[in-house]
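Shared between the two complexes below is subunit A, which pairs with subunit B and subunit C, respectively.
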Partner chain A sequence: MGVIVLQLFAVPDGKSGPQVIEMLTKRVIALGAVLSGSFIVDCETYSSTASLGAPRSVHLLHNSETPASVFALLEAASGNKTVALVADNLFDLLMLKLSNFYTAKKQTKIESRGPRFEAGDFLVKLGSVTMGPAFKGILVEVEYQACSLPAACWDLIREFMQGFLGGCVPSTPPQYIQNRFGDMLGTIDGINQYLEQFNAFRKTTGIR
Partner chain B sequence: MDDLFSNNSVNVSVEAPAENLIQEIAYDGQEVYQLPLTLSENLTKQAHKIDWMKGDDDDEDIEDIPSVTSATEKDAEEDSKKPDFQASSWPWDSVRNKLRSALTEVCVLADVITVAKDKRYMVLDPVQQDQPDQRQLAQLFSKKRGLTAAANILLHGAERLKISQSDTARAKSNQDFHLELLRLRQNWTLKKIGNSILGDLSYKSAGSRFYHTGIFEVTKSEEPVLGSSETISENQHKPSMIKVTIPTELGGTAYIQDILCTTNLNLVHASLTHSDPSRDANPWTSKLEAAQNVLFCKELFSHLAREAVQLQAAIPHMVVGNQITASLFPGIQLSIHFQSSHSVGIEKRQPVSNSTSPIAKVDHNFISSDILEHSLHQLLRQVHLNNVGQPVPHPSSAPLGPTKRRRLAGPHAYDRDELLLMTKNENILEQIIRQGQHVVLRLRTMFVIDSIAREIRDPLIISHWNVLNSPTLSCVKIIIMTHGYDTLQRTALVVHVGEKTLKCICRDGRVLQMSYEPQELRDLILCQISQHQINAVQSLARFLGWHVVSSSAHLGLGPVEPLGNASSCILSSPSGNRVLSVRCGPQAAQPQVYLSSFPRPDIEKNKVLKDVRWEQLNASYEEVRLEKIEGRNFLSRMELLMASLTYLLSPN
Partner chain C sequence: MADHSSKLDIVQATAALKSLRSLRNNVGTLFHSLTEGIGLQLGQDSKESRFVAELQQQLVTVQSGVKEFEEAINNVDSVQVNLGNSGHLNQDCTPDALHLYESLVTSYRWTDNLTEYSGYATTLLSQNALKRSTLIHAKRRRLQPSSQNVAPQTIDSVINQVCRSLGDNVKIETFRPYGSSTVLQITLGKIMKGIVVLKRLMVEWVVVKGATEELIEDGKIDMWGESRYKVFRKVTENANAAMLHFYSPAYPELAIRSFLTWFNSYQSLFTSPCKKCGHHLHNLLPPTWRDLRTLDPYHEDCKP
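Up next is the complex of A and B:
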């Protein structure tokens, strides 16, 4: 249980994704982090058939940090908030059974994968986002495991992130965190942020 | 006329009753008819009914009736003539005629038979005989007779059985045997295999995977087996007709003994005692129970031995014969013995009332722990349960297999570390080692607290141990207070005794982690005592109206304390002309009290310094001899002192 902050790292011109990841890796290791494996967060989208009314999409996300869970987010039906469900791995199979009502949109499967570092109470994940074969951008996730309240630790997280990401980190927290500044955050909030970023990635063509 | 008849007539048809005979009625009520005979079958049936012998005669008669009658008339005439004519000629004529007719008959018969044998022109077929009359009454009688004969035989046999049963000696023994067998069967599983009755006393049905089958045999004993002849007169054991044979390796009794000991001491041998014989009147109960216990102990010991060999510990565990040795702390070992006695008869040595603990005197280097034995039994039973039981999934459509925690891991989004923790399975030896460590640590803590409480009487040390504790965690609350002043000041601290560490939580919120060395706890308590004294004096001062000028929990002045820090406080009387300074260190037996009084006795009136207040400067402190003051403890002495100093006015 910790505060998860996602930060988009703009790929400078002339450099490729792996090069940027390598550069960030060096910086993170210089800060004293230890490489501890890799991570992957992926998202599949299912959209409802016309027989159910207005088409709504269900996003199924998996996180290697919680290997026993599947996060299902139902898109808002005009005005309502997204409904989030945390379920067991069998939920994937359930979606297959519902193929008459929810069809999978395979071409929009998007994922972020890369190395994972631990620096004390911080967990840093440098992910390169790919949609199919195409590389879309770099997404950095920082989790501060010691605290669940953004209001108490936002400054600390920002300072840490600025230490290896540089100036691209804004001084104000991202909109998602700002809306929940006084609430206790958990894994589902990280997943919500990933969904927002993935949706933004889907909309843009080329590298963001 | 036809019209008339056709209008008013009723058609009458004549037909044979075409109902077919019912062959059978099926179970669902359907009737199966005998099929009507086909034409060829009908023909054969009719042909069988013809008696060809009789038919020929009939035919002859029918056809040649007129001729025959005339012939017979003629024959009769001729015959009458012939005999008249012939009789006189030859007496063998009739014989010759008869023989000739017989010869013709026989020739014809031979011809017929040869032709019939050929089967080309003539075939012999049986003539269907008419069914004899069904004489039901006769049949009934014959059946009845047969049944009565059979019944007589059976009754005869039954009578013989009755006689044998009514024989007193025989009857009782059989009855006893069967009754006892019934009682045996109520508690133990029995199977009849061939001619012998076998039973199972292993824990296989409860989930054990031990290789021993635990089969015992039940036979009828030739002479009554006397039960254990105890001196307890209430239990008169009836002679039993059942003889129970158990495998030899399960004979006698056994138990697992856990001993905590220091390394450099020889183990004291424990004397074997038996628990009270079971109140059951049956001698086989105790025998079977003892055998089952032996089996359980064997399984437990083999399980532990296997784990001891497989586990990699810092100091390796030793398995020698019937003993497993594991080290808990440096210098302290846990040895697990498998003790058994193969004596089938019950040898009584020093019966101990209702306890299997063999230790008469407690040697402080050698502790036998019944708690650990009980824990071992429980742990093995837990393993058995895990082998058998499957947790039922809550939505019943969920897959069978994962435990409840694993099923909840998905919806609660457990991360990798938590999932990894769940997969760690501790085996019995590790668990018992942890429990043994906790036992040792708890005993040590008790010892430390009790010894301090014995030594130091001035503030009283009271310890309350929590009733609820786990095999690896206990809590004790230590209260330090002075007799008579318990409402004034109490210092409390809680100590959580774990497996290898102690955690102490003081009232002011400090949390201290200590290791298993008993000296650390002792030092901590001594420091707390010294701080308690100073706090108590401060509270007392406030109570009496004295002012606390300054206080310090960790004093930086004065000689360096060998242990911890000294604490002190300075109190001034309500009128301000007396100042008491109290200093207490953890090592000191008693706090030290110093008094300074104003005005300074040594100052001389000075023309320059005229003001009274110059006399209020610090005077030298003199030590107060507390032992001369009456009082039960330090605080009561302080109270007396302060009370007596309160109203003393200055000489002027």
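Up next is the complex of A and C:
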């Protein structure tokens, strides 16, 4: 229930994904973090059939942090806005029933998985993003659980992230968080950031 | 009359006693020669004339001894206590009244000494003034006996007054779930919440939790549970230390005002860096300590 910041960590040339994850793991542990299991966030996209008019997409996301929930994000007809729905696990089965209206896009299932660390009130997740069998890049999720107001704790999170990610952390918060700087953020804001990043991964070919 | 003699001039009195002793000695020798006579020695022709000459010489010695004694006696200052008409008691010849005057003089001496010594004592004691702090505190406490008995309306008005002075970002709600004890629920913007339990106007218990954590469980205020987050557990610890620091039964209103002002400074818990090291994080915690006077933020290990 805190502020979640999702940061892309560019894979340096000549290094593989697992090597980078290992390096980051060492740095995070040096900061005093403790390994506590692993995590996975996955995303599947469905598009509407022609019978529904203009094509619209529904993104179905699961997060191991909230295992009993399914997040369904419907892209609004106009603009880049999405309508979010948080539902129970059964929503997956409902989607199968809706196959006449929404069909799954093939080869677009994308996921981020990796180790999960706890460091004080911080949660750190080092995720390798894969689409199908292909490795796409590395996403680092940092959550400060004690505070939900980005305006209050951004500097704190930035200092923590710079501690193990180095210079790739910008001094200004990501656009998504900047737009909601004075609001209380929650789990859905983390999911929205994942969707943004996943969409960007899908558009690029190769490793980001 | 030991007291009487102690008042005499010791040197003169000793001299007088000495001359009295030599006088008695001389007189003794005189009577001895009178009774025993003088044994004949050497010529023995003029036994009588020799006896008379010897006697004359001894009488002269006695005479000069008497003169000497009289002089010595005159030198001794007689410190005769004059008790006015009571002096006539001395002339009473009945055996019962014989010692009356004597004991009267003794008691007169006692009272005289008592006045004298107490006079000395007064001057000495007034020089070394015995100021005991407890005496002063006791006086102050008597002025404000009401810290143990404050009406709920007074508490409400004090809290409202403090709340207004702290600004719009602070919200203080008061509850009385268990009778007379007041429970304050303080919300510091979107940063944190706290529960403060008061006994009259004095702080008894403080718990701090995050802004997203629930303070009310099953319709009851959860005042014993800890926060899920380390930072607020640390702030709780520090708030309890501050509560003890500000504790002052003599000025309960000032104490609660200072405590709430100090507590209000946690609005910048996540935003302001440590005053000493300039960083936000130390041991993965923000500056959780606020200086009690200046309200400056410090990390646990950076405290001055």
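The rule is short, and it goes like this: the second predicted complex is superposed on the first by the 207 of 208 C-alpha atoms of A that agree within 3 Å, B and C clash if a C-alpha of one lies under 4 Å from a C-alpha of the other, contacts with A are read in each partner's own complex, and residues count from 1 in each chain.
What we mean here is this: a residue touches a chain if its C-beta (ideal position, glycine included) is under 8 Å from a C-beta of that chain, and two chains touch if they have at least 3 such contacts.
Computed from a predicted structure; not experimentally measured.
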Put subunit B and subunit C onto subunit A via the superposition and say whether they clash or fit. clash
After lining up the shared chain so the two structures overlap, which partner does A:140 touch, if you call subunit B first and subunit C second: first, second, both or neither? neither
Between subunit B and subunit C, whom does A:72 touch in the aligned arrangement: first, second, both, or neither? neither
After superposition on the shared chain, which partner residues are touched by A:21: those of subunit B (first), subunit C (second), both, or neither? neither
Partner chain(s) touched by A:184 [first = subunit B, second = subunit C, both, neither]: second
Pick the subunit C stretch that clashes with subunit B in the superposition, from 134-142, 152-160, 278-286 or 296-304. 134-142
For a test of understanding, state which residues of subunit A touch subunit B in their complex under the given definition. 64-71, 86-91, 186-188
Going by the contact rule set out above, which residues of subunit B touch subunit A in the complex? 398-399, 406-407, 409-416, 419
Quick one: which bits of subunit C touch subunit A in the complex? Just the residue numbers, please. 190-191, 210-212, 228-232, 269-271, 273, 279-281, 283-286
Contacting residues of subunit A [partner subunit C, same complex]: 1-2, 31-32, 119-122, 145-149, 152-153, 155-156, 159-160, 163, 184
